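Every chain is named by a letter (A, B and C) in the order it is written, and numbering of its residues begins at 1.
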Amino acid sequence: MQEKLLQINNLSVSVEDKKILHGIDLEVNMGETHVIMGPNGAGKSTLGNALMGNPKYIVDGGDIIFDGESIVSLSADKRAAKGIYMSFQNPLEVPGVSLGNFIRSAMEHRTGKRIKLWDFKREMKQAMDILQMDESYAERDLNVGFSGGEKKKAEILQLLMLKPTLAILDETDSGLDVDAVRTVSKGVEEFRKDKKRSLIIITHSTRILESLNVDYTHIIVDGKIVETGDASLIEEINARGFEKYEQPDRREQ
Amino acid sequence: MREKTYVEDVNRSIYDIKNEDKDSYKLEEGLTTKIVEQISSEKNDPEWMREFRLKSLEIYNKLQVPDWGPSIEGLNMDEIVTYVRPNTHMSAKWSEVPEEIKETFERLGIPKAERESLAGVGAQYDSELVYHNVREEVAAQGVIYTDLESALRGEYAEMIKEHFMKLVPPTDHKFAALHGAVWSGGSFVYVPPGVSVEIPLQSYFRLNAPGAGQFEHTLIIVDEGAYLHFIEGCSAPKYNVANLHAGCVELFVGKNAKLRYSTIENWSKNMYNLNTKRAKVEEGGTIEWVSGSFGSHVSYLYPMSVLNGKGARSEFTGITFAGKGQNLDTGTKVVHNAPETTSFVNTRSISKGGGISTFRSSVVVTKNAPKSKSAVSCQSLMLDSESRSDTIPAMDIRTQDADIGHEAKIGRISDEAVFYLMSRGIPEEDAKALIVSGFADNVSKELPLEYAVEMNNLIRLEMIGSIG
Amino acid sequence: MNQGLDIKINKLPSPTWNWLHMNETELKKIKLDKQGLMEEKVPAGIDKREERFSSFEDIKTGMGNGADILINSAGISPLSFSVKEGVKEAEPLKLDFSYEDGENAGNSVELYAGKDSEVTLIMDYKSSGEGLALVQTKIHAEENSLVRLIQVNRHSKDFICMNDIGVNLSDNAEIDIINLFLGGKETYAGCHTALNGKGSRLNTDIGYMTYENQKLDMNYVASHKGKKTKSVINASGVLKDNAFKLFRGTIDFLNGSSGSEGDEKEDVLLLSEGVVNQTIPLILCAEEDVQGNHGATIGRLDEDLMFYMESRGMSHQEIYELMANARIDAICNMIPDEDEKKRIQEYLGRGMEDE
């Protein structure tokens, strides 16, 4: 793994012929935690989806270098194999595929090795304990009938099991109550115990950040990074919002 | 990837037959009184059966081919040798089955399954049963599992005469009449009152001769309060000429009895599968159909439940996967003919590579069936735009006091779901196969484990061309 | 005078088992003698034409060519209306058809809605005594136009009503169809909508009250050809006594109709032992990227609802009547014309109670 894990150069992205991101530059080194904040519709989730390779999100220009290699032309599964993980804002329901079988099959693809059922079950139990998830969830169909909080926990469970080098958490804390945020945070802390792992946290609130050491904070407005700072920037946003960064004509709308 | 089964490419020439000779559908040449009499004498039929066959032939000649389903123009009766008998007698020991035939069944895993998970096995090769055996402890309970032909002359002769083609009369449709005339092979099962057969019985049908027909008759009587799970498997190697399967299954479910009838059909893709299955259920009884249709060039398959006693129930769980060159018309029929009867239908169909799948059903609730309930749910998945998927469900309700629900859905695999799975490192093809297997889990969770695995392999094979 | 024709109508787009007798309906010795009487109220924005639109011959209808044969055999000339490009007429075009005892009459109506236009067409049928009335309505809606078609069958209990509709929709055109079937000894209704244009939309609401020995035989087809087209067919009705109803409803996704959606719902309340309720909802699909749904609930009222209403002191009979009326009222309330609503209430014998 290279020290300079992720490098985004002048990245422009559009969705359904609408330009969302206009020239994003960002560098994430191994072990760093970056926070991306910004008002609704600024393009935060677009950045996450573009990094993960969602085919709906078209890269119009620029490049994404991960671990020394351009990944722009790679499909999502190849990116996952290289160690990128995104926790979805709205995890999809997949009937007929159990959460347990799905994670095991994803792990086998990731490592290219068969995983013994016993080893898998043990590891799964540990991760589920951290997230205070009942073991029976492993038998349930992936996300089917899960509540919002359960879905988010299942996303973090996958994060812990798949052990990526770069995790993108897209609004993982949104819609959760205080207890659920605490549990999810515990999962993220567990992930960060390995100091080589990096995190990009996309959020518009700050609750999930309380227990994490944030290295950098970026503010995205209208598809551009308008400000980069350290963790103190979060407090500033907390106090004053994004108003100062938004263009006046936009505010009037 | 490991390959479990070698799958031959679909040979275009079967489809070309259609174009060569459009008007060649002439029954007289394929099937004559002489042929039917010959079959009857070789079978050593009782007199009533000989008459029954000839009567059926008459009906067959009068009836028209169906004018509503997939085309069967490619089925040229002149080319169908209706009766092919392998050079062997039925045995109760695999060691006595000719080597080549035994090998075939071994490759299909039948003797192994018999040792491990079945209470009895019947194996039919072309027109004849080559093997029939039932575990001693099951036989000791008074369960009869034998070939229908010897049963016709044995202790249960009267019972068979009383039931044979009473549920599916030869007048039902043209291919039922054909069956009545040339039927051959098949099994007879009788489960005495109160006996519960804990492990399944299985019949396996293998059609080996090119251009042949298979017309086995399965007759199952589950007496009052008894239980049975019967599994039917079918396969055939691929030839360039059309094969025909016009079997007939008649199931009699007694008072408070329960029968589960599972089928995984994987005929080769030159097969015309014109099979008729029907169950009559008495008071408090239950019929459960589990039906997977993967093979065949053309299928007409609609297992029917006649709910004839108060509180009788039927459940139908089905999956149909129509790939390239396949036109699979499947579904079910239910007749509610007694009070408080219940039917559940839950089907999935998948179309891919130009395949056509049609879900066809009818739910009839007669005046005799107040307080009846029916719920039909069918879902279809289109995997590309060269394929076709139709849903044709009919309901005819003639009592006020009924509760009838129906829902149908058609759609595609969601791109978002594929991306979600891919983002966890699963390649696109596998992600799609996973979603399709999940889509089919209504059926796989109803099957014994080894059959569910087999079915998922079939899906994977259709989706990716290999078995993982 | 002719002896009448044997015609086949309301053919199911994809047939099924013949023993169900749902594939089509055969009418024996049907004849039309004359053009039916009609009173019209034409608002300023709508033009009445002298000639028919030649292109309208290609518009397919739900009954199929059986209805065309009848119209042609009686030499019935169509009434043709058009709305010019950009005209949004707020007042409805109203056509009141009334038929006399012993009549076998037919009418043909054509409506052309120009680009960006808006028009509402309300057609009301009434009659006395015995007879037969066939009305065929063909509509072509150009780009971005919006057409509302409301048809109300208030025929006498001994009349045969045949109502046939054919619609072609261009890009982004929309049609809302409301069909309310109350009267008539036998009612045959066909409706075929070709969603040819990209983004075209169809909304259909069908309401019926089929009592005594009435017979209702329907065939509604939404044929999706254009991309991103959308159809909704809702049928809701009540059957009582010895009523017979057959509802054929088809969503047909043709190859190329990607991004389209079709939705069909049926809700039937059965009030008596002697009713016959037949339903056959088809979804035909030759395109991957589409969504089709169908749902039907037939029979009794929901037990929880029954209990709830009983707990408020209502009898079974009262609850069923209330719910039956509620179904018809729901459709009636969609009609954007107070006069027509009043006529419906009068026909149902509910008269002027709130005046």
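Simple rule for what comes next: a contact is a pair of C-beta atoms (placed from the backbone, for glycine too) under 8 Å apart; a residue touches a chain by one contact, two chains touch by 3 or more.
Just so you know, these numbers come straight off a predicted model, no measurement behind them.
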Higher-contact pair (C-beta pairs counted), B-C versus A-B: B-C
Most distant chain from chain B, judged by the mean position of its C-alpha atoms: A
Separation of mean Cα positions, chain C and chain A [Å, integer]: 52
Chain centre separation in whole Å, for chain C relative to chain B (CA means): 41
Rounded Å distance, chain A centre to chain B centre (Cα mean): 49
Residues of chain C touching at least two other chains: none
Contact set on chain B toward chain C in their complex: 67-68, 360, 362, 367, 380, 382-385, 387-412
Chain B partner contacts - residues on chain C that touch it in the complex: 14-18, 20, 22-23, 253, 255, 258, 270-273, 275-300
Interfacial residue positions of chain B with respect to chain A in the complex: 414-417, 419-428, 430-431, 434-435, 437-441, 444
In the complex with chain B, residue positions of chain A that touch it: 52-56, 75-77, 79-81, 85-86, 88, 91-97, 102, 105-106, 109-110, 141, 158, 162
